[in-house]
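Input: structures, listed below.
Shared between the two complexes below is chain A, which pairs with chain B and chain C, respectively.
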Partner chain A sequence: MMPFFEQLAGNLVYGAILGSVYGLSTMGLSLIFGVLRIVNVGHGPFIMLGAFTAFWMFTLFGIAPVISISVALVLGLALGFVVFFAVIKRLINAPELSTLLATFAIGIFLEEVAKFIWGPDHRGYSWDIGSIDLSITLIPYSKILAFISSIVIAYLLYMWFQKTKLGAAVRAVVEDSEGAAACGINVGRIYALSFAIGIGLTVASGVLVTLFVPVGINPYMGHEYTLKAFVIAVLGGLASPWGAFYAGFIFGLIENGSYTLLGTIPGVEPFSLTRFVAFSLLLVILLIKPTGLLGGESK
Partner chain B sequence: MSFFDKYASLIPVLLIYVVLFAIGILVPGMWQPVAFIMFYITLGQAFNIFLGLTGYVDFGYVAFLALGAYGMAIAVESLGGANLGFGIILIGLVLAIVMASILSLAVGAVALRLRGAYFAIATIGVNEGFRYFVEGARIWGGSEGIIISGAMRNIFGRETANFISTFVSDILVFIIAILAAIVTVLIMNRKMGYALMAVREDEDAAKVMGINVTKYKVMAFIASASFAGLIGASAWTLKMTYVFPSDVFLITYTVEAIVIVMLGGAGTLMGPVVGGLIYGILKYYLSITLPGFQLIILAPLLVVIVIAFPEGVVGALKRKARGNARKYLR
Partner chain C sequence: MRIAKFGLLLALIVGLAFLGCAQQEQPKATPTPTPAATPEEKIPDKILIGGTLSLTGKYSKEGQMSLWGIQAAIKWVNDVHGGVNVGGKKVKLEFKYYDDESKKEAVQSLVERLITSDNAMFLLAPYSSGLTLAGAPIADKHKVLYMSHGGASDRIFEQGYAYVVQTLSPASEYMAPFLDMVKAVDPSAKKVAMVYEDSEFSKAVFAGARKHAEELGFEIVLEKTYPKNPTDLTPLLSEVKAASPDIIIGGGHFADGQLLASQMADLKLDAKAISILVAPALPKFYEALGTKAEGICAPGQWEVGVTYGPEAAKKSGIDYFGPSQDEFLNLFHEFAGKDTMPSYHAAEAAAAILAYAKAIEEANSLDTDKIRNTMNDLRFMTFFGEWKIDPATGKQIGHKMVIFQWQGGEKKIIWPPSAANAEPYYPIPTWDEKAAGKLAKK
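On to the complex of A and B.
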């Protein structure tokens, strides 16, 4: 029995670390939904772009993933502005169906372009800087750095929201876009900026995701993260980036905890069943409290 | 509206089916492309009953196709020794409908309480969750799937089994397309059609007017899912003679269904037919001339449609059409 608890404890530690990256990777989705009321159904492919950024920075220039985060952030911001002005801007007042379809199509387009350029195969790199022995489990330093990076980025974003004028303007638009416009806030510009920041965060989180994928990265890796991000975003109330960040931790713990528990049932594949648990959780939350477990606003 | 006016819109649709069928039978070598195009028309027809009539987008639609495919595979696999002949295909089709409608009832009862974005998120979750359940709990062969080619040969003999997979399955798709068109018109002409139109325009207002919104949405959902089940059973299982979860739960089919309906015009009878024709022909020749490039072309196409022609081809034509022409375009 003891080895089981040791394994569970080890997996939960790992779950918390992974959860911080999950949280970061969902903040962009929640920010975009909070400000623009658009669900980015093509969320995962942006994570994939970040993963490829990390891969190429490392294999071509030997740059450590922790440093590639800033490169990915800049690329993501640029891409976010391009997508906003090319597509999203024209759909701000369109029915919800239109934005769902458009973001979905953008995601598929990114995947196919990535497949065209880099091929469909899995690629991986290994950034080995040693690990720390927690006696119950071995945690590589690279993952600890990912954990710290996620928290630092989330904290910086929080400070930007709370302490700067622009951050306050974004919060005002989330609260009431018409009221914000009446107060002289250029709502269109806030939309563009928020969308770009949302995409930037998402691409940046993709860099950290590479430190956790055992089989390597490929153009279609994003799907999994789209779905996880939905579960996490819904857990966190969908419209709140901070809710999403905390929900990421919860999700990481549930995922890794249930993996350990399901592994004890004979005759099943715990890996697939863990995902089933995640989606069941999604449906249950949507059914009983669609505004998210961590509070969130009423609509 | 007179009886003729109500059902006049079926005439051009059925005419197109007849022409396609004739081309396939009479022109040598054309049966395969015609069946290919017909699959997409039928998929669009089935999906349109839900997306077109309710305005809700189901990103997990392919799950119903998959369940239908499994229904047929299970029927053939488990009743293969029972000496039922062609009756087994009938049982498979019924099982496909039953399984698809049970899932749609379960999903509909939960997800259709949700609106827009929440509904979309829930449906994506259902599809993936169900797939991982099949793989994880190792039901229906788990990730190895079900292969029925051996059972089909045992039941029907090599030649008939071949005939079923290359011809009968395609004929079934034609029949499903006809049935889906008729059901669409029947819904449009009834109280349910008007109720759904009201939901599409303004769901809150419809509710206030005393329309049982959830009931009609669930009904459309089940009807649409049942047709998807039939398509999965015939165009997938009978044609391919195998079912793998990684293939049948592929999100691509959902995307294709959405593109077809939006391209042709959501909520119109003719829309999926036109959308399916354009999409099917395009894809057939693209897959010959530029294999592997379908999605890279389709995705921007979908964005352009959504921004520039949200009503689709038929929607735009319908707005321009006058008098008599209008009743044939619905």
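On to the complex of A and C.
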């Protein structure tokens, strides 16, 4: 019985770490949807850019991936502004299909450019800083750093939203963009800023993804995260970045925790069922609370 | 009106059912000997080989390697060999390909297009068992030879296709030599854990491995699969650790194999020997994992440095066809650039082209059935190894796998002893020893 609980506890610890990474990687998606009402279907490729940022900073300059988080954030912000003014700005009130197609195209464009420049190889780096023995399981410090960084970034964003004037302006636009404009808020500028922050967060989360799994960095790595990010975003209430963060946690815990529980059923391949369980739970939660965990009234 | 419609529908269903039965009654398409091609079989000026390649998507790496291999082999056939000798003519090969984006749907429509609109006379399958299987029924329906150079699953050859043949070793043979090696080096090793991707290819590999392990007297202490594209394997690996196996075999494709090794290191999941499919075969594996990759083995279809050549062919009493390994390397570099070394994906794709050329020459005809029949008795060697198929299924039975191991940053061939350029390093260093800088090198 003991090994069962040990494994369960170990998996939950890993699940929590993975969940924090999932959470942060989804916040950008939720923020962009919340403010601009645009679903960024090309979400995953931005995560890929972050992963490559960490990889190249480490491989070329020996810079620790934790430091690359800020580099990725800045790069992401810049890229976010470029993409906003080049593409998104024209689509603010466009039909949904146009924005879906445009963001999808941006995603493919980024992937193919990445493949053109860096090739299709699965790369990885080895940043060994030891690990901590929790007796139930071993956790590399790099993963713990991913966990802490993701919480710190989420908290900083929260503070920015709640305590600064700009943050308040973003919240006002989310609430009612016309009202915000009437109050003298430059809605266009808030759109640009929110989109850039959303992309910045997403690119930064790519670095965290590599802290959790430092291998498999390739142009198409974003797909897996896109799918999960959508589920997590819906679970968290779609327009709520904080909801997304909590939902990410829950998703990670369920995905990893259910493994041990499912393993006790004889004749079952637990791993293939974990995703089934995670997605089923999504259905159940949405049945009970259709607006998602932290979603307010549906609009 | 309604009754009339219903009646029409019923008639249609009955009609279709009859049609289905009629089709079933037709003799199965087996390569029965066709009457000898007319003496004046018209030999065209070029032989068009068609194929789909995964140049984008998740198999783009393997697809690109295949393309370079194919181009090198075609260059050899056309420029060095002077063309394919058929009907007293030297006919050049031409290769027409499309990017299948690593997608099954694309493979199906592109294979159809290659046959019906481009009039390809022979086909090369794409990389991976799943994609190969997707195109096989289309090729077989049109009675066009479809050669697998990257689809190893045994299931491809258990569907009764008459025109699908294989150049690489089938999946069921992949892990066998590794288990043979462990048995030979350490007869006391007993417990084997198997963790592999839930995919066409790896399921076939590990079904073969399980059978072979049991024959050798190993005990399978754990056998678990994981879905495609996993992001975290720690739950599974914690379970493996609890089972404390002597030997771990696993993997599927490149990304998950890399993840497997990386997370084994995270959990310090030690074993006396580890063999992972596909991933350790590529240099990127070592670049990504560094010394963590030390001692890890992988089965391979081929590796630069294997000793297949005219000498070896002579020893086995069979013909040698195609470029020598050095010639192939030179041709390969012309397409891939000086710094890129061919992986086995390139070699097996090249071997498929050579097998077509050889079979056409032996059959002295371009008639598909005639060539397929000739293939049944064909046995020869290329730089990739032996080529001989099982006449009934088209499965490759001549070619043998090699096992390599990362030793001191170099990929060494350690098994079978006849092909080896290094001794097996066993047991491999633990993860702690590797972190301290120990290499799997004597």
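Throughout what follows, the second predicted complex is superposed on the first by the 260 of 299 C-alpha atoms of A that agree within 3 Å, B and C clash if a C-alpha of one lies under 4 Å from a C-alpha of the other, contacts with A are read in each partner's own complex, and residues count from 1 in each chain.
Simple rule for what comes next: contacts are C-beta pairs under 8 Å (C-beta built on N, C-alpha and C of every residue); 3 or more make two chains touch, one makes a residue touch a chain.
Predicted model, so just to flag it, every value in this text is computed and none were measured.
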item	value
Which superposed partner A:287 touches (first chain B, second chain C, both, neither)	first
First, second, both or neither for A:122, with chain B first and chain C second	second
First (chain B), second (chain C), both or neither touched by A:220	second
Which superposed partner A:171 touches (first chain B, second chain C, both, neither)	neither
Touching partner for A:97 - first (chain B), second (chain C), both, neither	first
Partner chain(s) touched by A:271 [first = chain B, second = chain C, both, neither]	both
Chain B versus chain C as contact partner of A:39, first or second or both or neither	first
Partner chain(s) touched by A:263 [first = chain B, second = chain C, both, neither]	second
Overlap of the chain B and chain C footprints on chain A, listed as residue numbers	112, 223, 269-272, 274-275
Of all residues in chain A, those that touch chain B in their complex	33, 37, 39, 41, 87, 90-91, 94-98, 100-102, 104-106, 108-109, 111-113, 116, 223, 226-227, 230-231, 234, 238, 267-276, 278-280, 282-283, 286-287, 290
Of chain A, residues touching chain C in the complex	3, 7, 10-11, 14, 18, 112, 115, 119-126, 128, 131, 137-140, 143, 212-216, 218, 220-221, 223-225, 228, 255-256, 259-260, 263, 269-272, 274-275
Footprint of chain A on chain C - complex, ascending	56-58, 60-61, 64, 198, 224-227, 229-232, 234-236, 238-239, 242, 254-255, 258-259, 261-263, 266-268, 282, 284, 287-292, 435
For the chain B and chain A complex, residues of the former touching the latter	55, 57, 59, 110-111, 113-114, 116-118, 120-122, 124-126, 128-129, 132-133, 135-138, 142-143, 251, 255, 258, 262, 293, 295-296, 298-300, 302-303, 306-307, 310
